[in-house]
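Two complexes are shown next, each including subunit A; its partner changes from subunit B in the first to subunit C in the second.
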Partner chain A sequence: MSQNEAFGIADIQHEPDNATRSWRRLLLTNEFGLILLIVAFTAIFAILAPAFLSRFSLFAMGRTMAIDIVIGLSMMVVIVTGGLNLSVGATAVCAVMFAGWLIEAMGLPLPVAILGALAMGAGLGWINGMVIVKSGIHSFIITLATMSIFFGVMIFLTRAEAFRALPPEVAAFGKAKIGGYLSPLLLVTVVVALALAYLYRYTALGRRMLAAGASPAAAELSGIRVNRTFVACHVLSGLLATVAGLMLTARTGAAIPSMAGHLGQDWLLPAFLAPVLGGTLLSGGRVAVAGTFLGGALVTVLSAGLLLMQVGEFWVKAVLGLLLLLAVFADKGRRVWLAKRKMA
Partner chain B sequence: MTRLFKQDWFGLLAVVVVACAVITVLKPAFLSSYNLQILLASIAINAMIVFSQAIIIAIGQMNLSIGAIGGLAAISFAGAMEVWGLPVPLAAALGLAIGLGAGLLNGWLVAVSGISAFIITLATLYIFNGITLGITEAQPFYGIAESVKTFGDAILIGPIPMIAMPTVLVIAAMIWMLTRMRIGRHILAVGGNAHAAELGGVSAQRTVIWAHAISGVLAALAGMIVVARLQIGQPTIGNDWLITSFAAPVIGGALLQGGHLSVIGTLLGVVIIAIITQGLVLFGVDPFAMQIALGGLILWAVAIDRTRSWRAERNRVKIA
Partner chain C sequence: MTSGTYTLGGLLAAALVATMPMAGLADEAKVALVPGGPHPYFAAWEQAGADAAKDFGLSAADYRVPQQWELSQQNELLESLLTQGYNSFLIFPGDPVGTVSVVDELTGEGATVISLAGCLKAPSADAFCLGTDTGNSAYLGTKELIKAMGGKGRIAHFTGFLVDPNTQLRIDAVQRAADETNGAVTVVQVIADIDAPEPAEEKINAYLAAEAANVDGIVTTAWVPAVVASNALRRIGDKRIKMVGIDHDEVVLQAVKDGFVNGTMLQNPYGQGYIGSFAASKMRGGCTVKADAPFKSTALTEKFIDSGTVFVDATTVDTYVAAMQGITKDLMGTFEATYLDCPA
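Up next is the complex of A and B:
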């Protein structure tokens, strides 16, 4: 995962500082803290339950991690706008079920179905974005409504039946192992993360997204079409949610309407945990691609370890809630501490 | 009479009357006493759920954890009766205390940290829900006291179910609190502009904690009434409260801006949702369609609000 550490460092390089101070800053970044936590928890679990580092466990963790990180990224790209997207789960299920329908009912080949799913996800994201921008109402209300509508229409059309007769390549991709324990799903995630890091650092569109999120009024004055940019953020969110949905389909080998829970609500915790742990500002204007990646990884390590130690599945949920709470408090404390030091 | 027309909620009342009339003409069974009883029971429960959210919307925040609080209170109430054999009043007091405690925790975390209530209550949602599922291992409690079951089934007068009583009391208390009590005015002041309220000598922190405490108690009450209605302590109670809890206030005219709480408007929002749900059932429409209708209603309310403010803007321009 050296690439990710690399853009962890890259993230803070834009503040010109001399070498020692930038080193100290690196130690204070979210990313460094997350790496420390991941290493610490991995060590603890490995000592308490040696099976934690078995090939099977690493493979299973890699698959879960890959999906949770992309779910987190699909939320991160709209948090940039200062808004959110409650419909990520519902969007993903709609897109995946559409792909299943294209394959089973229309007899289309897999690549076409995947493209169809991505187009569907992007389209649903576009609807979210357009309604939010045109109405001027907070994205919470709009995506709460669309989450209900998307999911309702999907259940209505599919009669809540899964598509199980997918081409064997789908399940084979989910089961494939590189070098005995690495899931190729992780590679997809790394490519997605690198593409996003590139988008925000090197492209005009990414820069516009950050500027519009940080201060819509200022961005508008400097010639950025804020509304159009926000719609692009929502389209991107729909696309990424679809990628996560397709990855989940590869893991389970079928397109199942309940794969993200009722209304897709089960995705909300991973969707917010990863970006918040990673240091994405909820007020918008700042992204942390590497942080979100590491945040998602930490969540997976923690839940896999707890499950392995026979902590009941239900209590893991409570622990993850507690983790989110601790993360936001730690972040708050860190910022207060940094502000004080600057004052002094 | 003109005062009545000028009320914000008059349009909603008209929608309710017209919807009732249309459904009755097409399906006379709508006004059967059995049907009205189901309708009123669903309104009673949903109103309690919705007010636990509305009080937080009034303070300019949101509470994602009301369902989790309701579920935790519900299974504590049921579990205390089945496992510990506690008498009903003690079990109910335990449920309320858990709701109060959970609400105080939410409020304290939000007030002390200054972190958005959205994230705090998302975290506590999973904590409370995890505790509920951890305690019950997703199995329901069946040992509900007979008196509770009777309460859940009983009729007050005519088609009005007994479980409407606590809701009526809560609505009266809400109106009293918002218009006559200091805490009610403080909640609206902080929701309108926390900074200005602070300058006016209101402790924003304490007000936020109070609002969350009230929200927790109402969610717990709703959870326990659902136990009486279902006659078992289901750990899934509260899982589907979130959308309704935001839909009704939005339909009632509160677009999450805080500083304003129309008790009647919110109640009419609940009534509209209940009538449409019941109407879909009567017409034999697929129950899945309810999700679509609920989402559609929210967007419709948003559209109404937009046209209203657009018209207000246009009138202002004309006058100028």
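Up next is the complex of A and C:
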């Protein structure tokens, strides 16, 4: 019997059981780190600015994060290919303006207009995907160009005039409060996120997207039609961008050309921030749906808290960036600490 | 903030303090002056709010700027300000249609909202709109330019962002003024989307480098293009091309003095902020908008109050502060009696 065995140390060094391994894996996930940060910042802001947890504040935060998360998801589904889609904002605006036109000019009912918008968004995503795979040019260049093209054509056709004679249920949905503080838009986001999680975990298409993004050459050799899969990713991106656009339309009660800013550029920061914070690899092949959800939530909590604490508006961006950097370092520190404790 | 703005603000404040009643107003008004984003035009609002808070005994009249010119940023700031306890909002709408929804929510929470410098598209829940009739200003400026050109020639029009419907109103107004010459004056080029330094420098300079010989007049209907075009004409130096600009940037005013620019259409940002704060405080004190108030109509709203616009040329540029003072003083002196019903 060795000295260790004599003191029972051998028991400690045994392989951990399944429950322990699952617990360790959970501690090491990006999602767990994000949850910790959200809880920590919520507690800090709630102490420093009690109005942070007021009903109106919770409602406003929920509504904002609902839209930002779906914007992030619309970028995430393209990042999985190792590419990106700079035209998510322009695509969304084109799609919802099309919906507004279908309602106001064509007199079609709301459900048909929503389907039309989704078809438009998917179609614009298909154009992005086809041009990218046929030309072989990086998606950055192609979607930078289509961002201007989509937006420019939309402005030309609409003369920057909004469609605001939408059915009243559109605005009512955006203003609705469940229990006085929960926006139904957040429920839409949860449904979208669950659907995406199902896609990537349980469907052949989702696994093909991951495989093609991880290694296009290997995926091609194993029989996956990579180009077709990449086009499908861009179609999905267009669809999700449209969903975000429709949610924003409910928020504003009208389809407006400036809803995503000039050329749709206002959406780029939330589009990248949520998936990257959430752990989606920019090199492709890995998605983090829950992480993107939590990443979007963290950014909203930070922005709302800083605004409420009356940090100068011009400092919010800088402080937000600093806090996000600290968050990333804190998360890295947590992993290193756990690894040193042999919990990895 | 430019020194001109300080001067204007200080002189106006001194004049108004000396002439207006200051006691007896409600002191519970907490006013937020919120532009659509950072822009030099709104810098005078800060001093206007501070002066109004002091003169009318407001608990606050704070200038709060969204960190970027984004509709979503402005909406989030407004929601946060409501949570912070502000009960009166003077808002330049980030979008005439897109801001309607958030204004509905603010008024639904009991806040007083006045549109300032730009109007919401009716129907909207704001009390009224106090600002510049942008279309009329562009029309009058173009008429002055045509006069300076001797009634004939070719005009280039440099203007703001296309997503702002005011831009289309300005484009139409310039065209209308040209059309009234029965072909003697033609608008040969409209360059829009340039109310920011980088695109304005690039596009205006490139255009003038190629086409200066084919242009007889320039009208600018946005702040940054006015500054860039003034500098460009100073560099060209021959004073052949006539120009009418907009607003009171020092660069434009100096170019007017030196004869490189024929004149500029001044707006009244200080007066907007000061009178708007006064009106908000009165409404928090129980005043209501008169049912038969003599509002003007614009393309956006039926509840418009013109805060004044003045054409200034080389002969009047040194006295423009007095001109704006006069307009503000006149409006202020009759505002309550003209537009408000107040409890005895």
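To be clear about the criterion, the second predicted complex is superposed on the first by the 297 of 344 C-alpha atoms of A that agree within 3 Å, B and C clash if a C-alpha of one lies under 4 Å from a C-alpha of the other, contacts with A are read in each partner's own complex, and residues count from 1 in each chain.
Note that in this section a contact is a pair of C-beta atoms (placed from the backbone, for glycine too) under 8 Å apart; a residue touches a chain by one contact, two chains touch by 3 or more.
Quick caveat: nothing in here was measured; it's all calculated off a predicted structure.
Q: For A:Gly180, decide between first (touching subunit B), second (touching subunit C), both and neither.
A: neither
Q: Applying the touch criterion given at the start, work out whether A:His262 contacts subunit B, subunit C, both or neither, answering first, second, both or neither.
A: In the superposed model, A:His262 contacts both subunit B and subunit C.
Q: Answer with first, second, both or neither: which of subunit B and subunit C does A:Glu161 touch in the superposed model?
A: After superposing on A, A:Glu161 lies in contact with subunit C but is clear of subunit B.
Q: Let me test your reading of the model: by the given contact rule, A:Lys317 touches which partner, first (subunit B), second (subunit C), both or neither?
A: both
Q: By the touch definition at the top of the document, which applies to A:Gly253: first (subunit B), second (subunit C), both, or neither?
A: Touch status of A:Gly253: second partner only.
Q: Determine, under the contact definition given at the top, whether A:Thr64 touches first (subunit B), second (subunit C), both, or neither.
A: After superposing on A, A:Thr64 lies in contact with subunit C but is clear of subunit B.
Q: Please identify the positions on subunit A that touch both subunit B and subunit C, taking each partner from its own complex.
A: On subunit A, the residues that contact subunit B in one structure and subunit C in the other are 155, 160, 262, 314, 316-317.
Q: Which residues of subunit A touch subunit C in the complex?
A: Its residues touching subunit C are 51-52, 54, 56-57, 60, 64, 67, 155, 159-162, 164, 171, 174-175, 248, 251-254, 256-259, 261-262, 266, 303-304, 307-308, 310, 313-314, 316-317.
Q: What residues of subunit A sit close enough to touch subunit B in their complex?
A: Per the touch definition, subunit A meets subunit B at residues 84, 131, 135-138, 140-142, 144-149, 151-153, 155-156, 160, 262-263, 265, 268-269, 272, 276, 282, 312, 314-322, 324-325, 328-329, 332.
Q: If you look only at subunit C, which of its residues touch subunit A in the complex?
A: 38, 64-73, 75-77, 79-80, 82-85, 94-98, 100-102, 104-105, 109, 121, 161-165, 167-168, 193
Q: Sort out for me which residues of subunit B touch subunit A in the complex.
A: It is residues 62, 109, 113-116, 118-120, 122-131, 133-134, 137-138, 239-240, 242-243, 246-247, 250, 255-256, 286, 288-296, 298-299, 302-303, 305-306 of subunit B that touch subunit A.
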